[in-house]
Amino acid sequence: MTRFRDLIAKAANPTGTVFILLALILVGVFAMNPGFFEGPSLMAFLKQAAPLVILAAGQYFVIVSGNFDLSVGALVGAQVVIAARLIDGEESRTLPVILAMIAFGVAVGLVNGLITTVLKVQSFITTLGMLLVLYGAIRLWTGGAPTGSLSEAFRQAGRFGIEDVPVLGQVPWALLIMIGLGAGAIALMRSRFGRVLMASGDNERAAALSGARVDAARTAAFVLSGLSATVAGILIGGYAGVSAQVGDGLEFTVITAVVLGGVVLGGGRGTVLAAMAGALTIEALFTLFNQMALPATLRPTVQGAILIAAVAYAARQRARPAPAPATPTATATATPS
Amino acid sequence: MSETPLLSMRGIGKSFLGVPVLHGVDLTIEQGEVHALVGENGAGKSTLMKILAGVHSADAGTVELNTGESGGRMVSFTHPLQAQHAGVASVFQEFNLLPELSVAENVHLGREPRRRGLIDRRAMAERTAEVLADLGVEDLAPTAKVGSLSVAHQQITEIAKAVSQGADLICMDEPTAALADAEVELLYRLVRRLKERGVSVLYVSHRLKEIFDLCDRITVLKDGRLVQCADTADITPDDLVTAMVGRRIEAVFPERLEGTAAGEVRLEVRGGGNAWVDGIDLDVRAGEIVGLAGLQGSGRTEIAEAVFGIAPFTRGTVKVDGKPIRITRPRKAIGAGIALVTEDRKAQGLALRQSVRANARMVLDANARVHSRKRLNRIPGLLSSLDLVARGEDQEVRYLSGGNQQKVVVAKWLAAEPGVIVLDEPTRGIDVGAKHKLYSVIRELAAEGLAVLLIASELIEVIGLADRIVVLHDGRIAGELPGGATEQDVMAYATGRRAEESRPA
Amino acid sequence: MTLLAPERDRAGRRPARRLSTTALIYLALVGVLALGGAAVALDGGNLFATANLVDMLTRTSLTGFLAIGMTFVILCRSLDLSVGYVAALSSLVAATTMDGQPGNIPVAIGLVLLVSGLIGAANGAFVTVLGVNPFIATLGTGLILKGYLDTQYKGPAGDVPAVFQQFGYTRIAFIPVSTVVMLVLAAAAVWFLRSTRTGHHMYAVGGDVDVARMSGIRTKGVLLAAHVLCAMFAGVAGLLLAARFGTGSAEAYTNLYELDAIAAVVLGGTLLLGGRGGVAGTVAGVAILAVLDTVFNVMQVDPFAKDVLRGAVIITAVALYARRQLDRTARRPRFTLEGRLR
Amino acid sequence: TTDTPADTPDEETTAAESGDEWFVQADYDEQLAQRDIEPEGDPNTPWLQAIEPEWIDTTEYAKEGGDATLCFSNASVSNPWRVTGWITMQQQVEVLQESGQIGEFRVSDAGDDDDQQISDIQAFIDAGDCDSIIISPSTTATLTPAVEAACASGVPVVVFDRGVNTDCAVTFIHPIGGYAFGADAAEFLVDNLEPGSTVLALRILPGVDVLENRWAAAEQIFGDSELEILGNEFTGGDAAEIKNIVSQYLERGEVDGIWMDAGDGAVAAIEAFEDAGQPYPVMTGEDELSFMRKWEETGMTALAPVYSNFQWRTPVIAATMILAGEQVPSEWVLPQDPITEAELGDYLERNADMPSLHYAKFGGEDLPGFPDAWRDR
């Protein structure tokens, strides 16, 4: 009975909402196409979803610390283009180029972070500016359209996996990377860094007066976001190769995902697991649209309506009166752990 | 005053998050009287006032208002605006101004004078000037931007805002808290003027002198209950204190624990100064509780902030445990073993949406130098030794009562095992039980060999707890007194009436 | 009654007079014009040739309409990411309603303002009633509109009569009519913010909602009004698009006008956190962007380099404003240098 | 002053595309027929060929002394096809500058913003020193008033690629058109697939006329066939999106053919089949090199319909012709032959040095900058 009540309470929790939404959408997908839950197609779904999930984790760090990162879409695009141009089909260049991409992702995150924290420019503007700069600079560099091509080795991570696993078929590297990074993100949020980041997003001043290096933590969050965009770029480039449009508009999709996960813009609330679940939810929603053969042009409408409804629902949950507190008589001292 | 009272509140009850803060309180205010509402911190004065002002709604009881031509009628305000329309204006304890707007705009916010439907800025400025002139304020331009004003002028703006509403009853919650003596004088004139005009005033203050100077009647609250309501003429200051506190002062503070002894000097400041304080010489020894006393604005918080590296000293020297150190950032202070319980726990002490656990370990998490598994493991024990009342360590701190929130703040600092702890108004806005607990905690800390620097506006706290009292006046040390000194002695220094002759220049 | 400037009695001396932010931005505009003019001159051109002036002014009108509207919501500490979609929809509503008949123009204008106003009201309701963060609420509205536009209009539709096209093309000397209309509406917006209660209250709502509410301001109504106005200005932008295109175009939303508008507002010194700024600054912000664009155009800067420069300019400008704001919160010192010597 | 040619309520266009239907039977029939008409001119310089040209006299625009100032209002260079074409055009301009026919070549890029392009065109008009204005409109209908204004300014106007709803330009240069492109592709699928086979259509964006025409023609042809159309999806031209969509269709059943309205991202679609372990579909892409290379590598059954990229050379040449008073076709329809399997090897060899996202029929092999200008763009 209590367990059931706990479950209800969890569901009513704004962070829990996303799991219910995800479940509902998956039920819908199942109703349309029971085959979706067979190993191979589930694996294929997760392979497609992995980049967005990883981006969501990166964006989560930035949002939870009280900022935005609008530059991730442009960064993903830039990374794929950089990879293609620098590798230019040479297998031997794969590793050095990946290292260069990581350095570039870190650098972009660092610049975003420093402009936001040191120069006190709101992150919305900082990263909007960065979006423009990246978009223009990368096209300047390649003369308008991507050149070069990716190596086979580069494409491994995004496209292939462990083949011939019973039941599942191919277990994609992308899925394993996603699980690894997801676990890493969860661990990071439980670490001292994560706690400081969360506190900085909730109450910057209190965190600073507790000795937290708020600016450093926030900058690190941008760096993590830059890194996540790098990994997403490696996976997306690996998955589908180079195209001029890669990464376009991803920033809004990923912010939508994180917010669907119950993470509040402004910081200090929400879990990284739920943010990643938000990304899965979006991908599942796109799959559902596809299964339903919903006219492609109508999809944004449904997506927008669901977004507003879900966030409004979560806001309602949050605005509800506090859970009954301990009465002074029933002194429940903090449980020693 | 035989006519029907202007206001009668009966049986008002109110709970916050299940914790009752008012129990069936009655309050009547006559036409044209100045009525004092007194009581300890957390007695429920502000809450009662906010119910009257429509900020909170009461859980129980009735409010009958007899303003204007409408006879007595029951009211229950759910919005401050309703209260304003009914003739009740309020000056709240927290500032309620928009720094980006001018004085005139703030005074008329929400009630801008209009001509043909449009805001009439000229009228707004003129009327503001009139109100200010009426109040005898001469040096405040209606066009000045509020953000650029001094605290006192901001307070005046607030009062002008209430007055300009043409209310029959004006409630003021600690209006003099931020004012210097000359400005208090101004407020006296102001209140008397209102009274002459037949306006009633509900006056909340901790300053007994003002209450006896200004008020006709006094209502005393204690722990959310009505203790007494008397004419000022019928009561002496001593009686009033007894009524407020309900016990003899000596009994309130726990005795010094056995084995507490002043040891080595742990914190030493010589000639400390910055833009806000100057010439600060201070020693705090292990096992010693040093009280910092002074009026509002005398620079107590600034000393705490300087010692902790928030607004560091720019002159003089600081030594911690005998070692000279330049504390330029809170991290450095923490590394040196200093802790600061800030005066505003919500804005500066807690991440309100995080759990008790997350807050309690914040200092350990944020500082590698003090982080250790052993200390983390001590936190649950620490919280229970502070008698924290919470549903569990996972509860968000915003759902805790003020006192319990403060315990979390204290716990987060004790977790770091500091050698010096600075407590800035640690008992502000928390209830009596929690206060008591904190008093004994402070004693225990001293007994464990910590150097304690205690700032408290309640003089009795400083007097009752401190081994030595350092009194500030206008950013400088005015004098030093032994623990247990009289309030009069402290006030003599604090108000600058007495300066310490023997102090080196 | 003496009306001393409070600064004086506070610090005991009058601090050096500071320029108002708006004045500073107009100075910046002059600076950009001077620098741009010099750069173009070095390049062998003349930035102030009629053609370039016309170009500059024309560029201000569309972004101007959107940015003026955006100023209202940003002042209220909100945001509207749906204006590009509203403008696109409005261009279609206008063009299909006019359908080539000059007689339909008044109806079409009315309908555009109604439709856009309703969308603004929906945005406002999501934000105030449902408590959805404005970023998300208006992003959602934008998506909903996008779906509608893509489904309903498979391309340009409607026909704008030549009379109405004058709105997009006619000039008085070198000043396009659309720019004049934009400036008139900007003046109206300045007046609205200054002289009407709702406008005045926008500053209060953006400054501190709680204080505003406690002072008896119907904060939700004000926020709603800001959103409605913002969307209606986007509707006017849609009318201009229709006049310029001679037809309605759903594709107009792809140009990310909303980001341009936000950039212009922020460049114009309005705080993204609300409560400070105004339309006068916004107009300057719009003008700065237009001058830059014209300079880039005249100097034949690579289109992608334009994006880079734009991004850099926006960040730099906001960093400069942020610098100015830093010392505003500083506490008043008691012991200045002379205090120390005392 | 007013810039509108105004007061010319365009009767011929009001009837046309004010609705949301993209299919105009007459245009469709005409384009399909044009595919079989032998163009006039040398097949080695297809950018100078013309299908059923109606030559018009341009002596009124003749200008002495060469060194003409050409002003080009470009819609954008926001996709690889336009990037390739833009390089070709610049190379052609260099040649003409060297020969002294063109002096200054002035360009505005509107970044796909119609309103911006209208301003750009106006700026050229106002500058008053353009000897000819070349326009590549970003959208057909919306640019019409601006093009009319350009015409009204008296200088010869050359429009290419997408058209406008006015024929005031001296010449309008374009390959046969979207219907022909879509039909080439659809017919290929109908011919190469068994009746009852399934086809998935991948499109970039809704609402862009050249793209809508391609799909409208394909729908026409598919409608008359026995192929089953599984769906038509918008991909934004993003490879990842394309691969996602194709993979999802493959999960639900077989896909025998792929019709695409443009070639970018075709490789991603093919890879989706590889990754799903399915046989290659019969496929139509475009003459974009990564697709053609993949096609050769896999040996799949495919066709590369062409929307002739070499058309980017023609406008500047046309402008110089006009300024020299030479005759030009009033509507200059360039050939648009798809690349078949038989020609695949040849085109790949000719473009061996070219990067991916380059278009095989770019027609710049004889320009002096070849191949560096396209290779190191």
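Annotations
Order as written gives the chain letters A, B, C and D; numbering starts at 1 within each chain.
Simple rule for what comes next: contacts are C-beta pairs under 8 Å (C-beta built on N, C-alpha and C of every residue); 3 or more make two chains touch, one makes a residue touch a chain.
In this text, all values refer to a predicted model and were calculated from it rather than measured experimentally.
Taken together, chain A and chain B share the touching chains C.
When chain centres are set by their Cα atoms, the one at the greatest distance from chain A is B.
Per-chain Cα centroids separate chain C from chain D by 37 Å.
Distance from the chain B centre to the chain C centre is 43 Å, each centre being the mean of its Cα atoms.
Look at where the CA atoms of chain B average out and do the same for chain D: the two points lie 74 Å apart. In chain B, no residue reaches two or more other chains under the touch definition.
Of all residues in chain A, those that touch two or more other chains are 144, 296-297. Shared interface positions of chain C, i.e. residues touching 2 or more other chains, are given as 150, 306. Which chains touch which is summed up as A-B, A-C, A-D, B-C, C-D. Residues 115, 119-122, 124-126, 128-133, 135-137, 139-140, 144, 252, 255-256, 259, 264-266, 295-305, 307-308, 311-312, 315-316, 319 of chain A are the ones that touch chain C when the two sit in their complex. Looking at the complex, you find that chain C touches chain A at residues 126, 130-133, 135-137, 139-148, 150-151, 259, 262-263, 266, 272-273, 302, 304-312, 314-315, 318-319, 322-323, 325-326. By the touch criterion given at the top, residues 1-4, 6-9, 14, 17-22, 76-77, 106-109, 111-116, 118-120, 122-123, 125-128, 139-146, 149, 206-209, 212 of chain D touch chain C in their complex.
Remark: chain C residues 49-52, 54-55, 58-59, 62, 99-100, 150, 152-159, 161-162, 165-166, 168-171, 173, 240-241, 244-247, 249-252, 254-255, 297, 300, 303, 306 touch chain D in the complex. By the touch rule above, chain A contacts chain B in their complex via residues 192, 195-196, 198-199, 202-203, 205-213, 268-269, 322-328, 331-337.
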